[in-house]
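Okay, so chain A shows up in both of these, paired with chain B first and chain C after.
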Partner chain A sequence: MSVSVNYTQSPEGIIAGPVNEENFFEWEALIMGPEGTCFEGGVFPARLTFPTDYPLGPPKMKFTCEIFHPNIYPDGRVCISILHAPGDDPMGYETSAERWSPVQSVEKILLSVVSMLAEPNDESAANVDAAKTWRDDRKKFEDIAERTVKKSLGL
Partner chain B sequence: MRSALLIAFSFVLTAVVVGNAYYQKEQFYPSVVYLTKSNPSMAILYLQAFVFVILMGKLMRKIFFGQLRAAEMEHLIERSWYAVTETCLAFTVFRDDFSPKFVALFTLLLFLKCFHWLAEDRVDYMERSPVISLLFHVRVLSLIGVLGFLDLYYVNHAYYSTLLKGASVQLVFGFEYAILLTAVMMVFVKYVLHSVDLQSDNPWENKAVYLLYTELILGFFKVVLYVTFMVIMIKVHTFPLFAIRPMYLSMRSFKKALHDVIMSRRAIRNMNTLYPDATPEELQAGDNVCIICREEMVSQCKKLLCNHIFHTSCLRSWFQRQQTCPTCRMDVLRMPRPQTTQQTPAPPPQQNQQPAQPQMPNMFPGMYGMPMWAPPPPLPPRGEVPPREPPTPPQSPPSTTPPAQGQAAGAPGASAPPPPPGVGSPPLSASMAAGASAAYANPYSSMFSYMTPFAGFPQPPQNMQGLSEEELATMEGRERQNVEARIQWLRDIQALLDGAMVLINQYNTVAAQTSIPGIAVAQTTQSNYSPSSASNTTQPTNSNADKTSSQYKEKPISKEETKSNTLSSEQTNSSVDEGLSELDGAVGYTPPKEEFIPEWDDPRNEEHQDELHKIRHRRLQRFSEDNNSIKKEEDDLEMD
Partner chain C sequence: MTSQLGKAPRQLPVIRACSIPRIEMAEELDFQYDPEKNYDEETLAQQKEIEREIVDTQQLVGERVSFDRLIREYAQEDEIYREKIEHLKNLYSCVRKTRGDGNCFYRAFGFAYLEKLLVDRTDVERFKDVVSKSLKVLVGLGFPQFTIEDFHETFLDIVNKVTNHCTHQELIDTFNDQGLSDYIVVYLRLIVSGHLQQEAEFFANFIEGDRTVKEFCNQEVEPMGKESDHIHLKALTDALGVCIRVEYMDRVDTHTCNHINFPEDSKPTIVLLYRPGHYDILYSNADMILFQRNLPK
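Entry: the complex of A and B
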């Protein structure tokens, strides 16, 4: 039940906190594109929705901006294994060892997302177009990423 | 905006059509007749009716829900698609009954279904919504009341209409509404649970348990309803294709609920009984924040076998979802059982006895880890099986054995009580007694000498009194695997015994034909094997090798009985005897049945008699050598 609010200790490049004081089950996060990647410089807003049984169940994360990435569904939902409850396996490849467990904190989730931005996993694509572009036409992928970065900054 | 335009357009169209009809006919009844006869006007009127339904839905939504949340809307649309598809499928089944009334009934059903889903979502939202106003309670309660009443009314209606008019499409409605009724009940139970939870400041730990059980019970009802529906539909109409998907889903969720309940119960029971409470020192030693609730652990904590410590209540709710350690994901159901020696000191040999894995790669090495061979010292009397532990005089076998054997000669195993397993297989021995010639003698002695070289059985713990009930239970094992393994062993043993009997018989036949004193070899092995009172009984039997076969049926048994008595009283680790005398006490033991006994060919018809003879001879020699060494060991033991 208790979601720890930790504004101060959030890792570099990440800001996260509840949307408002009334509902601690909705968080908003701002994630900066990791340096040295094609997402560098971008600031991507996302929304974290915690289930009532958190931390027994995983939260959901959804980018509220446009982002073209193999592991992010076109509608912005993030697809990483630690956010999947052990029961469901949308991609059919994950072992239960890499699934959600109460040990995962918001911080760890966000860090995983940052590393996912840096290193897309095209083996289990949520956005097949993005995965194909990433694999076959890296130049085009970078162009699109640059565009999303600019868009995220409102340019 | 667009929908408002469409609605306005529909109203205008209807007004035009009705106005036109009235303008043409100028009277009420003719214009109504005109409207119903004209297909285009009817189409427009149906459209208008549909618009009314939607408007009605909006009104109800306003009353009962207010603004819908995005997630609720999403769910609604997603489920509506399936429901519409299934309704269309249902239309194909009932195409003969197709009429506007029929369509209207289905629309109503869909309409009510939508509200059931919304109610479900709303009550789920209750749990996470920060403030629950009075309005919310009023809305939810009135909605549940209205939906429950409507469902009941329609179930009732369908029931009576089916009774009066026979099976019709009302059957489908009846079942649909019955299933919706279970959904309403589920929503109501959830509502009550959440309300109770909200009353108190602290989270209510047992809520999840109640939810799980409610889900299980209502899921069961649903499955029963669907199956009944399916059966009736197949009998009355045809295969109800439209019910397949919801039926599958409800079955799956029921299975999942059942699985969850069973696994979580097992894990929680494990937690309560097997895992130690964390001591204050352990809590002090490390980071004492429970990883699940991120609060400090002061009391009521459990330590898992992987040494991770959590709040008991947190662990319980986690085990309801998953049966692993939250930190290292070690499977709590597969965890090796904690060494019971932690609590009660046990003798050192006991530790070796702890079965590492109940799975046995093959029969004999597996027996090292087999707990069942450790006999509890006082064998409780076991029903009709003749108890063997009181040392009976050598010449008088237990009372039930001779009748069993006598009957076995006539009708093997037909009406006889389950034979004492230690005796081997009476039907076989009886048939052999009938088939074998006068040279048939003393099969058991050679049989046991045949068995002993394999006997790598573990030594039972010497002082059973030192073991606690728990340890004994651990050694015995209760899981299905253990029981299955045990039965398998017993079957293996039986097969070996039967095989030995066949060999003995062959040998004796050969010995009789070649006039080699077949008893001689067997006799030595026997005397080597058990030097005490057993050999005393062996001697007379062997010397009276030319007795009639009826006597032989009795004699070997008595010898075997006495032998096992002496052996068990000596507490030797002669495993076969141990095993045999323990069989009747073993959990999962089934008395040998006839179908397990391999058919044997009459050795006299055997073609390779000479070869067999040689092999047999060599074997016996080797066994007698082995027995010598065993005898030495026994002597050593006795010396101790």
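Entry: the complex of A and C
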């Protein structure tokens, strides 16, 4: 079992680690909204749940705060290709998208999530409302994002 | 290798269901998206069900079975396959089946080769040496040591068991222990990926689509369940210095199976049977005599 990444090694803008010392299969992460995007300044908490066969299977990731984004289900679950094994293809990802494999790492997932925040993919939407808003009414999308940023900071 | 129609062995189907069509498509098709419904989970549940069925009915590495049993999988009127099985029957003694989970080539290769080492010690020391050194090679190629050393250790442990004359049953049990068996598969996948990247200039010529060798490895080699093609076989046998033969039992309208040796002009140590989408293990009469004589009791 090689659940890695300790607090000090985390990439910039991300803090992640096990919820407690007894259970290494549940992690919490704090993700800063990437600079220059409408999520800038926000600090978004999420949970990572590792399967017992990790790293053969990928972990699941779920934001535990309000976040309105095309690739995040309304209940917070993150839907990006790296969290899916090949063949496990609910969103019809392009075959070129990076998939889970046992040599991927938590760090890689978290970096993918940051880039997903910066560049939503409205072609494989987990939240159809968010995808439509992102595409048709960018101003509204940014207003909602700004509100969630403030909320994430407790403002 | 082109994909063939016909009665392929049960294999994980690739479910390409795009649960929520692209949004503009949704409007065109008058698609009624039901926000209460989780399409994603529905597809996943269906897929999990199929996987469970395969796990329940197929051992990772099964018993040896006769060709007469194999022939029963095919319809009476399936002339091409029946004829080819008859042909195999003249050349080989029996077949050992592996689970159709997309990892069958690696599992069949790993098991058959280590099983062979139990009865033919000629290559034991060389093979052990190649496996020991392979971690360094992979780290040199940029694989993070921390991520891959568990897989290396597991594989090396099993090679050591074989070196130290473990029993045949121990080897069978190891390959049927899902955890250990999958770790072996992961490591063999890493060796393939490493070799393809090391010889990227050569292998780039054989990669379909607009992808680099590295992208190909990330998408088609390293993830579990991804099936193997000619290029994977060549890389694994080259990297480990092991010679294998593959008998191709496909729909091509010939009376006999075609075979290919990897590397081409080598004398194969083990033989795999390929049926569209799946690899099993073949044993010759000579193999069976060797097992009878030399297997540690």
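Side notes on the structure shown:
As a convention for this text, the second predicted complex is superposed on the first by the 149 of 155 C-alpha atoms of A that agree within 3 Å, B and C clash if a C-alpha of one lies under 4 Å from a C-alpha of the other, contacts with A are read in each partner's own complex, and residues count from 1 in each chain.
We adopt the following convention: a contact is a pair of C-beta atoms (placed from the backbone, for glycine too) under 8 Å apart; a residue touches a chain by one contact, two chains touch by 3 or more.
If you're wondering where the values come from, they're calculated on a predicted model, not measured in any experiment.
Model built by superposing both complexes on chain A: chain B and chain C clash. When the two structures are aligned on the shared chain, A:Glu22 is found in touch with chain B, with no touch to chain C. In the superposition on chain A, contact is made by A:Pro51 with chain B only, not with chain C.
Of the two partners chain B and chain C, it is C that touches the larger number of chain A residues.
With both structures placed on the common chain, the touch criterion links A:Arg135 to chain C but leaves chain B unconnected.
Of the two partner chains placed by the overlay, only chain C lies in contact with A:Ala126; chain B stays clear of it. Touch criterion met: A:Pro102 reaches chain B and chain C at once.
Touch criterion met: A:Cys79 reaches chain C, while chain B stays clear of it. Clashing C-alpha atoms with chain C appear in a single stretch of chain B, chosen from 6-14, 96-104, 204-212 or 492-500: 204-212. On chain A, the patch touched by chain B and the patch touched by chain C overlap at residues 1-2, 4, 53, 55-56, 85-87, 96, 101-103.
Residues 124, 127-131, 203, 208, 256, 291-295, 314, 317-318, 321-322, 324, 326-327, 329 of chain B touch chain A in their complex. Against chain A, the residues of chain C that register as touching in their complex are 12, 14-20, 22-23, 26, 33, 35, 39-41, 43-44, 47, 102, 143-144, 146-148, 150-151, 178-179, 182, 186, 189-190, 211, 215, 218-219, 222-226.
Taken in their complex, chain A has these residues touching chain C: 1-2, 4, 53, 55-56, 73-74, 79, 85-92, 95-96, 98-103, 105, 122-126, 128-129, 131-132, 135. Interface of chain A with chain B (complex): residues 1-2, 4, 22-25, 50-53, 55-57, 85-87, 96-97, 101-103.
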